[in-house]
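Here chain A shows up in two complexes: once beside chain B, once beside chain C.
On to the complex of A and B.
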């Protein structure tokens, strides 16, 4: 953990070398993510509610998923640019250092410019919190916290799987973006609106609904079981298949060479 | 102690012909070509030895180094380094070795070098006292001083390579792998790097394995060379033995005025360089002093130089001999 902070510091130092670029990047991310929110606003300009959810409730949902996604983009950046790490030999360097591989990939690349989305999501959240009709008790606050953090974990798991494919193809696979960026875009609305099949898929295969739809029901008082409140914790389990998949890929890398 | 025995390694490479039709075909069925990168590689390197690993591009040098570093797993064979198998015991193994890839950097590009070194210290869990001692020594020997405060991106290649070497030695490894450490360096930097490696080996008893295409590296550094070609170890011996093995021919470079001199048996013209005649002389047939005396008697000599075959020529001859 102490080492992680050192990595954190060196990443920050590197990026602060180019202050103008950093802030332009940050700003562009804020502006870009406005589109995500704007489309929700446009939708609600025509309809008063979507599948029983009001504007503020959808914005609450959207800001939580945006935060999760941006946390992952900042801290799991190494998996996003994984094809590059394999291509330029940086990955070989990790293999000759006495630390875990996943740890090194995570720690070596953080991109703080991607916090732009986070900043913007906070603004949306500030609007949604008082307007969503949620009575904010400690358990609701905990649920929201779990939604955001566990959501980041699920996205990280997706990034790891995305990276693992690179071991087999050496090129990145764009279809994974359907789940990562797609998850963020579609996750603006509670996943239930896309129908039962998709909801099942997002519950049992890629557990994005576990960190979004179910705890949201608890937040909004539509369900009050503890299960719904702690549901996001199941998302963490998603790291297990991701990890196994990565190990399989790594074994292949070491036996076929690069 | 490094022992490799019966190491085999094959790579599967997709074969594809040029053209759009073939590209489409390749989407559905791919043809693979199996390339034997290493076949039955055996050698042993003792503690504190310094070994030059040579061979043409694509011969399998880097593959061997990568196996010894634990980056690659061979198809079959045994590799034992200080009692460990690199790819099975990666973390414990790599804590004991240092690796310099001449063509790649391990420094963080945008921060002063010393920041990178401190992070590397923490990655290897090197204690502060050892770090200080190593850093002081490296700073002095590699003349790092001011360079340490400069971001890696603004260093010259020679300065950067010195820092790369320092970064690989922070944790006092027992074995140092150098993959083309002098590539692209100017003469002064090359000599500095060589002197440092020599000293490291002499003073700390660090085992050094280095690959290079620069024969001067080999001449300056190593007693023992391993020659690899097409994935096989072809030769394992000292530089002196090799020199003896390849012919004893001497090269005479002669500058003269007037008409070209006649030659005696045992001498042959091998070329002309900057208006000088280059002659090959076989001392078994005609002695060097006799040869020069003969030349002097038949033309007006202005300058004569005699030299042994260079390591460069020797290796070129070896490559030719083994058809690699």
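On to the complex of A and C.
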């Protein structure tokens, strides 16, 4: 843990050396996610509700998923650039060090510019919180907290799976984008609007709806079972298959680095 | 001129090499388009009267957008031009007896064409075979297809010129993350949602802007939203913006190359 903080500090210091570049990166991320939010705003200038959800309720949902995603992008960035780590031999160096592989991949690459999405999501949340009609008691705050943190865990699991595929293909698989970036992009609306089939898939196979749709129902007072509130915790289980997959990939890994 | 065409050919053939990547890309784009249509259909169910077009027109828009994504997005494909500016390899480019602007332009054009050449037909083929609400249809007015082809070609030329402005900005900022321009352009050109959904005033402004001269026009000509003299007028605007952007790009390039400092070796 102490070592992790050291890594954290070094990463931060490194990136702060190039301040202009850092802020441009941050700003570009704000704009990037602004497009996601703006598209919601444009749609709601024309429509009053979708599947029973109003603008501020959708924005609440969108900001939670954007926050989850950006947390993952900052702290699990190493898995996103995994093809590069394999390609330039950096990964081989991790293998000879006396620390866990996943630990090193996460600790060596943090990209704070990607917090831009988070900054923007906070702004959206500030608008959505008072307007969504939610009475903010402690259990609602806990639900939102769980949605964001467990959401980040599910995205991290997806990134690890993406990285594990790289052991087999050495190239990144574009198809995973539909789940990572797509999860963020389409997660701006409660997943129920995409119909039952998609919702089932996102509940039982890739548990994105578990951290988004079900707790959102609790948050908005549409359901009041404790199950809906604690639902995001199931998302953490997703790390188990991702981890196993990663181990399988690692076992058959032959160095390809230069 | 011959040098540029052979460059175009080399890049194009090079791009065609990555067939497995294209296959992965096709399935991704397919899933992406499908999700988009599902999202729009939820809005359609909520209030069909507020929908600015027929649902089938929207379906045409989305599938066509996915099919031609490679040529119409306002960002670069697989290029490492920004990388060469930041790491200094640009110095090699500068000693070549070729105009850098033209070189970049043809490179970017070739990458786009190769990308779309592999992806557009499979995506369209499947889209035409899907069951009813998701099925892609030919436009009601087949005469529009000619205008669509002209406008799509112009879009590719406009977008390539736009992307070079993006590259040139790297000379000034030295940052690899100038995604601001491309994402903003993508949104304003109707990449996220068709401009028809935008509030009326905003839509009219965007239609006159360079962004309206990008994917917005050919896609909406195809689905029949823009036809006849409006389409001709739009195409004229595309030509206008193409000329403006190429001239602006050449001018800025001259200015930025005057102050470029190549460091290290």
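To be clear about the criterion, the second predicted complex is superposed on the first by the 253 of 258 C-alpha atoms of A that agree within 3 Å, B and C clash if a C-alpha of one lies under 4 Å from a C-alpha of the other, contacts with A are read in each partner's own complex, and residues count from 1 in each chain.
Definition applied: a contact is a pair of C-beta atoms (placed from the backbone, for glycine too) under 8 Å apart; a residue touches a chain by one contact, two chains touch by 3 or more.
Note that the coordinates shown come from a computational prediction; the quantities given were computed from them, not determined experimentally.
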Chain A residues in contact: does chain B have more, or chain C?
C
Determine, under the contact definition given at the top, whether A:98 touches first (chain B), second (chain C), both, or neither.
first
Using the touch definition from the top, say if A:47 reaches chain B (first), chain C (second), both or neither.
second
Quick one: is A:38 in contact with chain B, with chain C, with both, or with neither? Answer first, second, both or neither.
second
Quick check on the superposed pair: does A:89 touch chain B, chain C, both, or neither? Answer first, second, both or neither.
first
Which partner does A:7 contact after superposing on A: first (chain B), second (chain C), both, neither?
first
Residue overlap on chain A between the chain B contact set and the chain C contact set?
none
Okay, in this complex, where on chain C does chain A touch?
21, 24-25, 27-28, 31-32, 35, 38-39, 42-43, 45-47, 50, 52, 173-180, 183-184, 186-187, 192-193, 197-199
Chain A residues within the chain C interface of the complex:
20-21, 24-25, 27-28, 31-32, 35-36, 38-39, 42-43, 45-51, 113, 171, 173-175, 177-178, 182, 186, 189, 193-195, 198
For the complex, which residues does chain A have touching chain B?
2-3, 6-7, 10, 13-15, 17-18, 88-90, 92-93, 95-99, 251, 254-257
Mind pulling up the chain B residues that touch chain A in the complex?
9, 11-12, 37, 63, 66, 69-73, 75, 87, 90-92, 94-95, 97, 99, 101, 103-104, 106, 108-111, 115-116, 118-119, 122-125, 151
